[in-house]
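My questions will all concern the structure given below.
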Amino acid sequence: MITFLSRRIAAAIPILIGVSIVVFITIKIIPGDPIASLLGPTSTPEARSELTARLGLNRALPIQYFSWIGHTVRGDLGNSIAKQTAVRPLVFDAFKNTLILTLFAAILAFAAGLLLGAIAALRRGKISAAISNAISLFSISVPQYSIALLLIIYLATGTGWFPSAGMYNAIGGGGWGDLFAHIVLPGISAALVPAGIIARMFRSVVIDVMSMDFIDSMRARGLSERKILWHAFHNTMPTLLTIAGLQLGYLLGGVIFVETIFAWPGLGLLVYQSITQRDLPVIQAGVIVSALAFVLINLIVDALHATIDPRVRA
Amino acid sequence: MPNERPAPTALPVAESSSAPSSPRRRPSRRNFLAGVGGVSLASVLAACTPGAKSTSGSGGGAKANILVIAMTASDIPLLDTGLAQNQGYEGLRFVANQLFDGLTKFDLKQGEKIPPVIPGLALSWTANAAATVWTFKLRPNVKFTDGTPWNADAAIFNFNRYINKSAPEFYPALNAAAGLTISSLKSSKKIDDMTIEVTTNGPLAYLPSNLTTVYFASPTAVKAEGNEGFGAKPVGTGPFTFVSMTRGQQLVLKANPDYWGGAPKVEQVILRPIPDPTARIAALRSGQVNWAEVPPPDDVPTLTKDGFQVLTNSYDHVWPWVINGQKKPFTDVRVRQAMNYAINREALIKNVLQGTADPEFQAAARANAAYREENNLYSYDPAKAKSLLAAAGLPNGFSTTLSYPTSGSGNMVPTPMNEALQQDLAAVGIKVKLQPVEWASMLTDYFVGKIPGNADMINISLSMQQEGFWNTWFGAGSGPNVGKYNNPKVQALFTQAAATLDDTKRSDLYAQAVKYITEDAPWVFIVDDRNPRVLAANVKGFIEPKSWFADLTTLSVS
Amino acid sequence: MGFLMPDTSEVLLDAVSLTKTFGNGTRAVDSVSLLVNRGETVGLVGESGCGKSTTAKMLLRLLSPDSGSVRFDGVDLLAARGKQLRAMRKRLQVVPQNPQTSLNPRLTVRASIEFNLRAHDFPKSEWKTRVAGLLDRVGLAERHAEAFPHEMSGGQLQRAAIARALASEPDLVVCDEAVSALDKSVQAQVLNLLVELQRDLGVAYLFISHDLSVVEHISDRVVVMYLGKVVEEGTAADLWSQPKHPYTTTLLSASPGTGRERIVLKGDPPNPANPPSGCTFHTRCPAAFDRCSVEVPQLLTVGRQHNSACWLNETADTIEPAAVSA
Amino acid sequence: MTATADVGIAATAVAAPQAATSKRRLPLSAKIAGGVILIIVLLAIFAPLLTSYSPTVGSLTDRLQPIGTSGHLLGTDGQGRDILTRMLYGARPSLMTGLIPVAVSGTLGTTLGLIAGMGSKFTRGAIMRTLDVFYAFPAVLLAIAIAAALGSGISNSVIALAVILIPPVARVAESETGRLRSADFIEAANASGARKSAIAFRQVLPNIAPAVVVYCTALIGLSIVYAAGLSFLGLGISPPKAEWGLMISDLQQYIFTQPQLLLVPAIAILIASVAFNVLGDGLRSYLNVRSETA
Amino acid sequence: MTVDTPAPATATTTAPAGPALRVVNLSTVFRTRTAEVKAVRSVSFEVEPGETLVLLGESGSGKSVTARSIMRLHNSRAKIEGEVTLSGESVLDLDEKSMRALRGGRVAMVPQDPSAALDPLRRVGKQITEVLLLHKQASSKKDAKAQAVELLRLVGIPDPQRAFRSYPHELSGGMRQRVVIAIGISCDPAVIIADEPTTALDVTVQAQILDLFAELQKRLSTALLMVTHDVLVAADVADVVAVMYAGSIVETGPAREVLENPRHPHTKALLGALPRHDTARGELESIPGAPPIAGQDFAGCSFASRCGFAQESCVEHAPPLLQVGSRHLAACPVLNPAAAVGDPLSARPAEVA
């Protein structure tokens, strides 16, 4: 198990290096000058070039890259150009918020996805299965941002049931209940697509597992259907875990539309804004953190996978 | 094949082929639902019910005497004096102007006239004849909110922070951020405890106006926290003091009861960054905020109908198309004028902007001191446009391109506005191709004097807030003068104005320049923004000034 | 070198001391030498995991051996590259095991056969007649050319696979468990077909199977493998009548119509990654004695064209089945 | 499963008659979906014949008419343009942003996957690890960054989408190829003496094509949605051209005045996306009939 | 060939115990959307305690479907008719709950592929104790564990404690099959149905497993119904052989008699197709044509189209099983013209002992 994990960790390192190179190059080829957007219309050319030099943005690209990566490895994510503050708390706070939203959406997506998938798989040929399939189909097809807007119109401003933006109330906010009220609408919007994907995949996994020979053998041993289903469910776990990892990763990197519309102060919103401001250190750190999270999630999934499935432990 | 990793993607996954439908017994669905589905359903239900309950009270989130402002900024601005500009001028308006004061300030407590410059932390000032050396008498008995007294030492400390590269407290980031405002400041020196002298690089008759946004921080606090750390615990003399900040979410300020200009009536001001206009209005309508900046124009009628206060007023802000006058056919002034005649500004304002802007027929904004009614040269006159085009040898019009920002501070609703203008121009034969450009990359090009995408024109909203902008936008050799406009007569008037201390005379000189500029039509003059904002019905006592800035001390929330 | 130098026939394939160790330490094939003469059938028999398929893959150059050499018609097969290799492969074809997967499920039988014709640059104008001829040769109707594999029975599929292998007019066809998955009645048809083809075309076979009765039936000579090693080789008739290795005897006891007492071995086949010391068979061998667990028996000549690797051969001239079925 | 597996035989025994009659037929749902797509394509092609309005020029006095207004069946937008007209014309770029990125990434991704799946350990490692990097990169952000780098415009959002769709397609192609790598018929092909490229394109490709095609069909819907998302962020097609995503972004300004207008393009995207997904599902079961028995 | 036939418990015809398994006119039809597929056509046989009956046939002959029909393991699309009696109890009328108690209890199944028959994610021991506890064979978990280890020892696993803790993939194929057998016999079943239990195994391991069956049967007096395509396996273990073709039993009788003196053309052909040392190369007997495909219906003898002896009447009328020996029946009037119609249920080798 330990060798298994260390092998996986070793495999993750080149991925992270690759991500760092890609993010660095991508950012460098995006037109736009962070200094210009930082200093605004009243800045003078001298002030701009001075700041450029001070931030080291006039150095050769490889030097910039190695300087950045060196600092990053030591945990120093630098200073935001646009926000003039340390990047680390900025990115970590945003990441924490995204994580909260992501986990909530993941729970929703899994609850709904497993339910829909199970119905679709186990009641094949029945109306309920057809309805489940239709729901999952719609949820993967729907344009997220328009659903988000409709939720706002009808559930936030229309009824006032839910707040329309942010994480907490400005006044008297901050409790769990407050957070919960704020997270419902963005959570639903973010969960839609993963729920559909999970439902569809879970359906096919259940069908696969239910058609495996050992299920039949259990039946021949007199096990009740409930017990058999339980064992079948156990056998869907490895795949389910993989799906879980992928969907979590997807959510982490993909909630940007939702964060924009609901003004959720998460990493997607932060990185998106930083792209518009060409705030290089924040973009770099944000992408690295989300890649790290992605890799970490995969690592956890692999570890769990190995715990559940003795065959992959070797 | 459950152990096979499905194609790993967030995208719909190629599901593993389902197994052959062999003649097998299906499991009893009842049991399964009880086993697996039941859990899921229960958790969904559990997740839903308390939600409905707990949120019912949140509609009244913004109650008590607290003002909650939805800003257009995408994040909380920096809290250190001039650095607040990092989220645009909105940072100065809502953060710097509330936490700090300048030597001078605008009179924002009225909405009828263009706010004059009035004493702030300075009681009075005088200048030498050349308008290069200024003496300021400081306001006595003012304390920073940490108790540090306001005096010449504090003032010089702050000037050093801005401009004195040899002083230990010099803060390069602040120097860079304050930009044009301080670029002509040469030095400052203490005369006595309550008098200081400021020297400029050249004649700068409008220095008092510039100094409204040179803010003063508590030297004690800056020394304690360091230049970099001060932004986390800002201390100023302003009407509000810092309470707390949640990055990306909100900034809480509370009233400074000892404010020298009169304590604010409201207890707290909470600033929330909500860059999306729809989201701002949603937050306002769902009661999360009671003040929203810049609503989508089309919401104005319904907001008014629903009892919200929609406030607008002219201010020094224009929304033009800047023409590259060096490109054909724009080298011909008749072509540029024709475009100014071809557009129906009133229809645009009525239909697209719902009255949130004023038509602009000259180079000066309505709320600019240089605005003169008689300089309104243009009108909606397509026939005249056509005849001008014909005279210029273009009876069938021509094709051209316009770069415009898709978003960005002050740009109003650029897409539908430009689409409407595009239709007007098409009517006289000018076919405009629209090239949307992302705001950040547009600025990069713009500030180095380029029009993005090599287009013939650029649409960008520009401020006239400071008199120095006249030269920035229209002065020969100025970078942001992307149209390369150059009229020696205009140039001479700008130089003369900079050395004219008398406000009225100076504005007359600018008005003359405006006349020339208007005739030369280096821009298509389109509209002046009216700075719309929406307040909940219970926000009382706010006066919308003819300014970008706002005074939050007069209002209260009931 | 080759232990069995033939008198009359010409050597077609001469593999010497092939060894292959996999990444996990499994020595799948250990110093296996093999010789196939023109037009003859050599059977390779053994249980799953004994290395017979790995041997076949090395001969087909689908795997490269760690050591050893393979000469095909005098040419070093392992060194051949590019054109030369393709020319060799033209003459060395394979019929895989599973009828359901030996043909590409997405291609018609015609397309599968034409693929081989294209690979060896047969003029396109001949394809049609060649396909028809090949199908006829293996007893398939012309309509089967347009059939997809899922539309055919197992026997038909293996016939088509044989037709494909014959397309390039090979000298040697490796039949890797080519009939094992078929029903016995169908297996009989395919075996008959293979014999008929050999008779008519002079093609040689390397016939790999776990079923000694089938191998014995179709082969001129038989090579028996156990745990990566050749334990016995000889003519089919010799092996049948005078097996010189207890393992061969055991396998024979499970063949029909022998009247032999069925021998039941103890234990499981050992893990190839961790083979027993000495003679690898000693853990299960009913006749094992002390020496077997210590010293590795070499392949020794025990008769004309008959080699065996068993210490018993040193003490007795032949091993009677009775002697081992204690 | 070998021929001696009786359970399997029982399965095929039942499946066989069905397969014989239905294997060449798409499920009804997929046919309907195909029909819907065809209708959208036809509407897009014949848009100029179906409406007399201009998709780009409207009347400012006629703006924000609700759905059902006579003369403007689906209402008008903020520029007073007929929404139905814009929907018809907008179908063109919307379909293009769905189809072109998928076609491009399908081709490139399949080729990459084939090369990785058929190539040496080193080649496979190099390609797959590179793709892993793009996997760890948040896809939406990558698309935004690329689109931002290239500037707005439909061709640039097409490029951005194609880039982010290549890795998943390549993975599907690679894993399908990997599954075949040790298949008997591939070994036979390898042993037959054919060139690697011939094996890849004539033997492997026909086998992985169904999975890739099915997968890509599902991606079309996603690509439309993503492209619309890019337009929504101002990175897609340039106004005043009509495109569904851009229309959502445009009409969302009016959700407090005419919320139902927003539904029109949203539902259109939903329908197109569902249609492609259903078609993909149909193709899946259609193509699987053969692969199952094989 | 060794047939360790225990003295039948029912040596006298009046024995009250009766057969452990009795199948009368069992038919199984699969309904599909388009057709009805007759997989099993009126099959009858019975197996006494301690006796082994082999259903011998090639793929698609219906032998596995028969076995699964007895345990009612088909889904609702399968229509099962006839009569199945397990130690006197009629199985086809039982409700699902009683049927479940029966499965794994009175009747156990040993499936073909031991690798697929075990839950790959659970330890072997758990899978045995689960069944023991389920059928109340064990009073406690501890007791169940002790019994399970004992069972593993019984089926010849060298280190039962370790096997108990192993995951299926850690065991060899032979060991896995022993585990599956251990599960099968865990509740002292009256009948074991073994469906091609050795097909997936190597020939040397196959011999061990077949020996194990023989030994267990001797010790437990269980009736064994084995399904196989392998004539050699049948010859090895069977007391009675029933040869199936296209869903019907075409020949049945004492194993030695049927396999040494087949009376049905299909049985003859099956035996002739086996490569023997004395068969000339290339002259194996092979059956021309292919078996009828599923769903195909025919009025007459199912083998007629491939049979070298077929006459016109064969195509028109399905021949009944004819008595061709004291316990030997074959459904071929052409080869056995004088024989009388026999009762397949009596085709037990009473005199083999």
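Letters A, B, C, D and E name the chains as they come in the text, with residue numbers starting at 1 for each one.
Here is the rule we go by: a residue touches a chain if its C-beta (ideal position, glycine included) is under 8 Å from a C-beta of that chain, and two chains touch if they have at least 3 such contacts.
Bear in mind the structure is a predicted one, so any value in this text is a computation, not a measurement.
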Report summary line: Farthest chain from subunit C by C-alpha centroid distance is chain B
Report summary line: Dominant interface by pair count is A-B
**Report entry** Most distant chain from subunit E, judged by the mean position of its C-alpha atoms
**Finding:** B
Query - Whole-Å separation of chain centres (CA-atom averages), subunit D against subunit E - result: 51
Query raised in the report: Where the CA atoms of subunit B average out and where those of subunit E average out, how many Å apart are those spots?
Result: 86
Report task. Using mean C-alpha positions as chain centres, tell me how far subunit A is from subunit B in Å, no decimals. Result -> 33
Query - Residues of subunit C engaged with two or more neighbouring chains - result: 183, 186
Report task. Scan subunit A for residues touching two or more other chains and write them down. Result -> 30-32, 140, 149, 152-153, 157, 212-213, 216, 219, 224, 235, 238, 249-250, 253-254, 260, 275-276, 309, 311
Query raised in the report: What are the residues of subunit D that contact at least two other chains?
Result: 2-4, 7, 10, 12, 14-15, 135, 139, 148, 151, 221-222, 252, 255-256, 277, 291
Query raised in the report: Given the complex with subunit C, which residues does subunit E contribute to the contact?
Result: 1-2, 58-59, 158, 172, 174-175, 202-208, 211, 229-232, 235-236, 269-270, 272-279, 281-287, 290
Report summary line: subunit A contacts subunit B in the complex at 30-33, 36-45, 47-48, 50-51, 54, 82-85, 89-90, 93-94, 97, 107-108, 110-112, 114-115, 118-119, 122-124, 126, 140, 149, 152-153, 156-157, 160-173, 177-178, 180-181, 184, 193-194, 196-197, 200-201, 203-205, 207-212, 216, 219, 224-226, 228-230, 232-233, 235-236, 238-239, 242-243, 245-247, 249-250, 253-254, 260-263, 265, 269-270, 273, 275-278, 309, 311-312
Report summary line: Contacts from subunit B onto subunit D in the complex sit at residues 4-5, 7-15, 17-18, 20-23, 277-278, 281, 285, 296, 298-299, 301-303, 347-348, 350-352, 406-407, 413, 415-416, 418-420, 422-423, 426, 434-438, 441, 453
**Report entry** subunit D residues touching subunit B - in the complex, by the definition given at the top
**Finding:** 7-8, 10-12, 14-15, 56-58, 60-61, 63-64, 78-80, 135, 139, 148, 151-152, 165, 167-168, 171-172, 175, 211-212, 214-215, 218-219, 221-222, 234-235, 238-240, 250, 252-257, 277, 280, 284-285, 288, 291-292
Requested in this report: Could you pull out which subunit C residues touch subunit D in their complex?
Outcome: 57, 60-62, 85-90, 92-107, 111-112, 115-116, 118-120, 148-150, 154, 161, 164-165, 168, 174, 181-183, 186
